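Okay, got some structures for you below.
Two complexes come next, and they have one chain in common, chain A, joined by chain B in the first and chain C in the second.
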Partner chain A sequence: MVFSRLFFIYIFLPVCLLCYALARGTKHKNTVLIIFSLIFYAWGEPVYIFLMLATAAVNYTAALFIGKYQGKVGDTAATITAVVYDLLMLGVFKYSGFILENINALFSSSLPVPDIRLPIGISFYTFQTISYIIDCHWEKVKPQRSFKDFLLFLTLFPQLIAGPIVRYSSIEKEINERTISMSDVSYGLNRVALGLAKKVLLADQLSLIAESFLGNIGGSTMLGAWYGAIAYAMQIYFDFSGYSDIAIGLGRVFGFHFDENFDHPFMCRDITEFWQRWHISLGTFFRDYLLYVPIFGKRRKYGGLFLVWLCTGIWHGANWNYIIWGLYYGLFIFIELLIGKKKMKVIPVFIRHIYSKFIIIIGFAIFYFEDLGKLGTFFKTAFGFGKNGFIAVQDKISFVNNIFLIAAAVICCFPLIRSIKDITDRRFAAKATMSSAAAVVSALLLVITSIILVDATTSPFLYYQF
Partner chain B sequence: MKTNEIIPRLNEVFRDVFGDSSISVTEKTTADDIEDWDSLAHISLVAAVEAEFGLRFKMREVSAMKNVGDMINLIAERGR
Partner chain C sequence: MSKNKKNSDAETDKNISAETNKRPEPAISIEASDRQGASIDIPIKAKKSKKLRRKAAMNNISLANILLLGAVFAGGFTYVTLFPHETKADDENRYLAAFPKFSIKAYTSGDFTDGVADYFDDTVHARADIKQFIADTLMPLKGMKYGGEKAELYGKGFEKPVTTAAAASTAQRTTATTTQMQTTTTTEPAEDTAADGELTNNILIVNKRGVNLYGGAWGTEQEYASYLNAYKEALPDVNIYSMVLPTASSFYLPDEYKDLSQSEKEDFDRIEAALGNIMSIDAYTPLEAHKDEPIYSRTDHHWQPLGAYYAAQQFALTAGVPFPDISEYEKVTLPGYVGTLYMYTQSATLLNNPEDFVYYKPKTNVSVTQYDTHFGNPVAADLLLDPSQMPNSGYYMVFGSDERIVHVNTECKNGRNLVIFKDSYGNALLPMLTGSFENIYLCDIRYFDLNAAEFIKNVQATDLLFTMCSFSAVGVNRHCIYNNLIK
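Let's turn to the complex of A and B:
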């Protein structure tokens, strides 16, 4: 099921909230959440839901063994078994086609390439189970004894399909003990409305620009290529951060506090900072469970850096462009590391902004083109070696027609809400006005979003495919 | 080893790694207090601390250090 569908907003969610409110006590509320989460998932994955349940059972059981044999051989064996199982499932369902295709190409063999459809959300929930298992092994958390409570952590529908990658440690206490205040509910619902608006009003509209210029890169001009790539960079941001807003907002309505996943990434001054603000839950996952892996000896800093960015690329998809994309970011972070923070700061801020946005926009173009031939055409076109010249009339028409959309999108990349809140929080009257205004704006956004959704065939969130 | 023996030596390591002679760490110092202390700098820091105190941190320890106090406790236990 997709958040940005009228069925979800006006039927599934209200019924779920009603049942949740009627259920007495946290135990019953948890039952309601699990049932609705399983329906939510089964809606789009009636078969693969059994894979997810099997993964839940394997990891739940492994963690019990880890707890039982803490520090002994059984602990290590259970940890390895669970992590290997998790990676194997991810490997089989996400990468087997890609691996076999490459083997066939490399050795001119003709191994049959299975046509496996990617189970929705597998990349996200697999990382959640891995982090849970390693945290149990590291004694950071105690293994969850109740399968029901573990299932709640894993399947909680706000975050099940496209993150944030929620750590068990961050919601461990809230599973059985959480209070929900009116301010939580109001904050959560505002956040959901904001996320929906980002997705439907900005991302889905920007996607039309990106599609018409990048989708037809062979017919684009130099300016058209850049225009399409910029639109795509913003599309992905509003799509994915909109999804995260909805996930975090819904979580809050049910009394859960998920960590933030985005912090205005385009405000960054360098690439290192960009990744501290973009898809934060993925970055911290790799930092905690991969970066410090002690296999590179004296070169562990550079070895770790390379491994993290290779894996970031691979995680995003079974295709070479994602691997190139990951290593591309790794390369710039490596260069920034060599220059050093002190010397980077000497460079004027506006130059650092231009540099970082330039690298990021090209990065998203690499991300866009799964077909490397088309990626090549993009590079040729964007750097003035294309066959369609610098600018054409369709560029001007699209820009003029979309001027308000582009202006709104650019403005929304800035931390507006935070700035307004900083000012209004200082005075009680202003704060009260602000919270009423937020409710009105959210309601308005929801109405406009709904109207657009009535006759739109919205695409699912981009990160559903990862 | 005692905390008051560790802190001056540890402080030297911090000043060295971050190239900032004004740093003075306490048990409560966290990565938020030192601007340049990010995940990559953490690797250099850990390597320098390991060299200074002649110990090896486990991956779980490197990943779990939340403040300088955590680091000091490990050094007190196993450092030289």
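Let's turn to the complex of A and C:
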């Protein structure tokens, strides 16, 4: 089930919230959450839900063994078994087609390529179980004895299918002991409304621009290619951070405090900083669990770095452009590492801003084009070697037609809410006014978003109609 | 003593706590030094109580916030579930999603759960009014119209195909595939973006008219011609004609926007040069001559039947067959028509400027049989459909869907049998040729499940007409022409 549809917002969610409010005590509330989470997942994956439950069972059991044989061989064996199982599942369901296609291409073999549909959320929940197992192995957390509580951690529907990658350690205590204050609930609901608005009012509208200029790159001008790529970069940001907002907001309504996943990434001054602000839960996952894998010996600083970026790329999708995308970022972080923090700071801030945005926008273009031929056309066009010139009337029309949307999107890339809050928090009257205004604005955003969603089922298509 | 002090301390504590419970207004009393009994009370706010009050105020705001959003959720729930559900969308030419039937198979495939969600999303009460509000009020907030002609440009979005009005209700679903970070969109093979510079899928709205911008053939016109030449090789005794039809792109772009589209005429000329022993029919010239008449829809990507009349006239002239004057037809006008371009763009400009849809009924008797795409399951039918039987008035209403083979037997006994291979533009030609051929077989190139050459021999066709708009002839649909020959 997708968050940004009326069925979720006005049927699934209200019923879930009502049941949750009516349930007395944390135990019953947890039961309600598990039931709704399983319904939520099974809605999109009536069959693959068993795969997720199996993953839950395997990891739960492995963690119990880890606890029992702490520091002994059994501990290591259970850790390895669980991690291998998790990676194997991810490999089979996400990458087998891609791997076999490439083997066939490389050796001109004709191994049958399986047509496996990607189970929703597998990339996210697999990483959650891996982090749980390794944390148990490192004795950072105690293995969860109750399967029900473990299932709650894994299946909690706000974060189940699109992150953030919630660590067991961050919600361990809240599973059985949590207080839900009035301000938690109101904050959470406002955050949900904000996330939905980011997704529907900004990301979905920007996608129309991105698609018409990048989707048709052969017909785009140089300026059109850049315009499309910028729209796409913002689209992905609002789309993904909107989803994270909804997840964090819903978590808060239920009394959980998930870590932030985005911190205004376009405010970064270099690529290293970008990745400290973009999809934070993924970056910290790789930092904590992969960067220190001692396979590169003394050179692990750089070797590990490229391994992390290779994995980041692969994680995003089974396609070469994602791998290139990951390594592309790895390369710039490597260069920044060579220059060193001190020397980087000598460079004027505005130059660092231009440099980082330039790299990021090209990065998103790489992310967009799964077809490497078209990626080539993009590069040719964007750097002035395209066949459609610098600017054409369609660029101007589209820009004027969308000028307020683009302005709003650019403004929303700045930490606007935080800045306002910093000022209003100093005086009580201002703080109270701001909170009241936030309530009204959230309600308005939710209503407007819902109205737009009424039309989201229209699915026009051109070629076939002729 | 110490015990007493303890007691009195305890008592004081009690008093304090009792006082706090009652929350009296705290005050400092200052007595005047010179007059006895005269004192003033200066109320003060205890620091703690101020904090508490602020906390209570914030709590109230939070509560109001929760109630406000709760009211939106409750209102939305009521609206989506209890208000009457819509069943058809006139502006989109389709029936809305129906509540799915449960079966184990439907459930395990995910179709059932998807269907339930689609049903609630799709059939929202007063959907058309809400859509109009979006088009009129919300979408214009995105920006301004461009230039003196007030132009709006629409590109292609994350879209799923709708094949025909009939198939639409099942095909409706916009899946936001952002649940995984890949954010890939599902594109059906036929929609697959064309090769570089081959086609654009953009629509310009200018002068209250939507125009699909023609992206040019870039070599594919040679393929179209070669496919037709292959038909001539397979069917040497049949007269074969090619009539590629221009679209509004050729005639209605103001000079300022001409650069947005490629020249259809130049591609037509290239096609003509590449055709072998095939008669090329120039529909461009007569259509251009009549471009000030309503020969193309303003709100639909199709032409109007009047345009088809002029094109058919040109064809009849080349084929050497009789051609009745337009006065021989009964003219029917359907006002208030808003066509497919509104569906694609959701532009308020089109919605608020509907047009007349005018079609022509032959006065002569014809017998019409509809077949499936295998030329089986014949059903007697009318040449033109009954407007009251369709979800909306418009091009598809009058000319039906494309997924069928239509056979028309006419009163014109000249022994000429015509097979037409067409796209949806060709539908409008059929009524205009009922006075010209004895038998007409109308087949859609995209929905044809037989070997074309065998079919043409079977029905003893004397003439074979390929007619489709430029987008089909040079776009992905062109491959269907050849595929039908080798099936």
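Just so it is clear, the second predicted complex is superposed on the first by the 457 of 466 C-alpha atoms of A that agree within 3 Å, B and C clash if a C-alpha of one lies under 4 Å from a C-alpha of the other, contacts with A are read in each partner's own complex, and residues count from 1 in each chain.
As a convention for this text, contacts are C-beta pairs under 8 Å (C-beta built on N, C-alpha and C of every residue); 3 or more make two chains touch, one makes a residue touch a chain.
Only a predicted model underlies this, so the values are computations on that prediction, with no experimental measurement involved.
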Given the superposition on chain A, which partner contacts more residues in chain A: chain B or chain C? C
Using the touch definition from the top, say if A:387 reaches chain B (first), chain C (second), both or neither. second
On the A-aligned overlay, A:287 touches which partner chain: chain B = first, chain C = second, or both, or neither? first
Which of the two partners, first being chain B and second being chain C, lies in contact with A:102: first, second, both, or neither? neither
Is A:76 touching the first partner chain B, the second partner chain C, both, or neither of them? neither
First (chain B), second (chain C), both or neither: which does A:419 touch? neither
Touching partner for A:169 - first (chain B), second (chain C), both, neither: neither
In the complex of these two chains, what residues of chain B are touching chain A? 19, 35-36, 38-40, 42-44, 46-47, 59-60, 62-64
Report the residues of chain A in contact with chain B in the complex, numbered from low to high. 137-138, 140, 272, 276, 287-289, 291-294, 298, 300-301, 304-305, 333, 337, 341-342
Which positions of chain C touch chain A when the two form their complex? 54, 57-59, 61-66, 68-74, 76-77, 79-81, 92, 97, 107-110, 113-114, 116-118, 120-122, 124, 127, 130-131, 133-134, 138, 141-147, 151-163, 171-176, 178-185, 188, 190-191, 193-202, 204, 212, 215, 256-257, 259-260, 301, 340, 343-344, 346, 423-425, 446, 468-469, 471-472, 475-477
Give every residue of chain A touching chain C within the complex, in rising order. 1-2, 4-11, 13-15, 17, 42-47, 118, 120-121, 123, 161-163, 181-183, 185-186, 189-190, 193, 199, 203-205, 207-209, 211-213, 215-219, 236, 239-240, 243, 279, 316-317, 322, 370, 374, 377, 387-388, 392-394, 396-406, 428, 431-432, 435-436, 438-440, 442-443, 446-448, 450-466
